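Next come two complexes built around subunit A: one with subunit B, the other with subunit C.
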Partner chain A sequence: MNKKVQNYFVLIVMLLCWAVFLFAVAEMPLMGDPGNITNTHVVPRYLEKGVEEGGAPNIVTGIILNYRGYDTSGEVTVIFTALIGVLAVLKRENIKKDKSLVEISPVKTSVIVTTVVKFLTPLIILFAIYMILHGDVSPGGGFQGGAITGGSIIAFTLTFGLLATMRKFRLSIRIPLESSAVLAFIASGLVAMFFGLPFLTFLIPGFGFHTQELIRHALFIIIEIGIGVATGIIFASIFAAMGKVSKE
Partner chain B sequence: MVWHLDLVLLLFLVATAIGVYRTKDLLGAAIIFSAYSLTMAIVWQQLSAPDLALTEAAVGAGVTTVLFLITISRTTRREDD
Partner chain C sequence: MTFLSKLGTNFNYVISTLLFVIGLYTIITKPNLIKKFMGLNIMETSVFLAIVSIGAVRDGKAPIVESATKVQYVNPLPQALILTGIVVAVSTTALALSLMIKLYEQCGTLNADKLKEFE
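And then the complex of A and B:
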């Protein structure tokens, strides 16, 4: 088969797929229709009882950590597994021998970039801390805050080099923190089992309302901080492993 | 929800998606893809999903683009074809 026939064949197959998907989309329920199956089963329950059952004023956090706790614990493990995958292929950086691309680049970093990054990094990290700690009240939470932290660490590394940044985030500090998300999640989930309740129950009965709220809040904060720290450090570690240039 | 803004954003999404696939310079493609992610973040916000908007802006537009750039700088910038 020559190339032109092959291209036409691909085009016809793509058009057929497009037509099939178009029919499938036409069959889908309208967005925002109150009669949708998704809007008649779990959503009303989540919206009506989410605050008292899920325990968080922000319903999304309540769903993520309480109704779908197992799903979230799996996702937390996935990020950790991604780091293991990267480190299995690429080695950890060696801050004494390796350099980053910025340090070997012939172009000097502009003073505008250095000043802006120097000025903005503390503010970005402050915003990330706010987001992590307010995860159960406002949108955002551990993962978002951690991603912002990781992004600011990456921006700092891109501007000031691997050595200057990773001297602050030594391997001996990063290695325990990388697993903190999984450990915090499992530890918080296990608390309920001491009271004879199922794994990942955050509302522990038998206390007064305020004590129960306090325990719930403490567990959520532990999880959010664990996820946030781990996500940030994992992003920084993946970046450091990928961005290092070893001296031959 | 502003109808006109949504239309512009969605058209921009389609345009950037086509741009990513048409661009032979991988560095340019990575930057266009970052613009796609940033637009997508605004679309998530328009769909009342601020959690996803934050994630998309931080991970999609920020971290992923940097990882793409590193990969390009370690391999080749031009797509062979």
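And then the complex of A and C:
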């Protein structure tokens, strides 16, 4: 059986699969119905008491950092582990020995691209900082802001080359910042343990109501900044490790 | 309700399953490893779409509580779960791509059929 016939056969099987899926979709609860079972089980509690218990007007941030804090600390560890894996396979870039494809490419980057990237990069990073710091009162948060930072650093690398970018983000700066998310999470979690409470409790008793809220808010901001910085720098490091070409 | 009108209401799931099938087709038929991984990413995206759609509420507001008045909010739980999922997807993509770079340096090809000859 040659390749083309094989592919048609796969296509037919896939379409049959889709047909089966469609019958399942028609049996699913209707989308957008407030009375769906997914909307009536745990969620009303989150929406009613989320601000009070979760500690942030943005319920998603409250869920991520407070109700499901263990989940997020695991997630932060996952990106850190991914970075370790990438570096174990590819090694870190060496500014003296490596170059990126941008630098050895015979085509020069056009003036329009360099001007636009030079103009936009600081603005994008400013927006990312806004997003990280306002994660608990508006859409956004550490991961989103970090991804935007990482994207702007990658855009900078693609136009000016690995050398110019990595001179600005030196290894001595990047290595401690990469682990900042995990460290910020563990440090904020450990604060409660000094008061005899379980790990990752943000509401510490023994203070006045307003001080309590203030401490919780400060811990949230520390975690958000940690996650944002670490995500951005990890993306930049992964990209630098992938984009390098050793100078022969 | 007829079959078609139900599909019309559950439009997001229809698209999500279509994306899932497209991703599976790409994984099975394309010999190039990078294309296979693109297929896997399409499948991941389809799952994200399905799970976020589960939390949709008609005329619901974004789950940011500004005042104490009772407003119909969108379900925040799937959004939080998918935020986790997206980060994990990025991590797996980065790791897989770096493995592919190493594989290409060693074998000079990313074609799955030709890679069988290397032992």
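Of note:
Keep this in mind: the second predicted complex is superposed on the first by the 234 of 248 C-alpha atoms of A that agree within 3 Å, B and C clash if a C-alpha of one lies under 4 Å from a C-alpha of the other, contacts with A are read in each partner's own complex, and residues count from 1 in each chain.
Methods note: a contact is a pair of C-beta atoms (placed from the backbone, for glycine too) under 8 Å apart; a residue touches a chain by one contact, two chains touch by 3 or more.
Just so you know, these numbers come straight off a predicted model, no measurement behind them.
Shared-chain residue A:131: touches subunit B; no touch with subunit C.
Once the two complexes are overlaid on the shared chain, A:14 sits against subunit C while remaining clear of subunit B. When the two complexes are overlaid on their common chain A, residue A:158 makes contact with subunit B while staying clear of subunit C. By the touch criterion defined above, A:143 lies against subunit B and subunit C together after alignment on the C-alpha atoms of chain A. In the overlay built on the shared chain, the residue A:246 is in contact with neither subunit B nor subunit C. In the superposition on chain A, the chain among subunit B and subunit C reaching more residues of subunit A is C. When the shared chain is aligned, no partner comes close enough to touch A:211: not subunit B, not subunit C.
After overlaying the two complexes on the shared chain, residue contacts for A:101 are found with subunit B alone; subunit C is out of touch. Legend: residue contacts after superposition of the two complexes on their common chain; A:30 is shown touching subunit C, with no touch to subunit B. Shared contact residues of subunit A with subunit B and subunit C: 60, 139, 141, 143, 147, 235, 238, 242.
If you check the complex, the residues on subunit A that touch subunit B are 60, 101, 131, 139-141, 143-144, 147-148, 150-151, 154, 158, 235, 238-239, 242-243.
Partner subunit A is touched in their complex by these residues of subunit B: 50-51, 54-55, 58-59, 62-63, 66-67, 70-71, 73-74.
Of all residues in subunit A, only 6-7, 10-11, 14-15, 17-18, 21-22, 24-26, 28, 30-34, 36, 38-39, 42-43, 46-47, 50-51, 57-60, 63-64, 68, 71-72, 75, 78-79, 81-83, 85-86, 89-90, 137-139, 141, 143, 147, 231, 235, 238, 241-242 touch subunit C in the complex they form.
Against subunit A, the residues of subunit C that register as touching in their complex are 3, 6-7, 9-14, 17-18, 20-22, 24-25, 28-29, 53-58, 60, 62-66, 72-73, 75-80, 83-84, 86-88, 90-92, 94-95, 97-99, 101-102.
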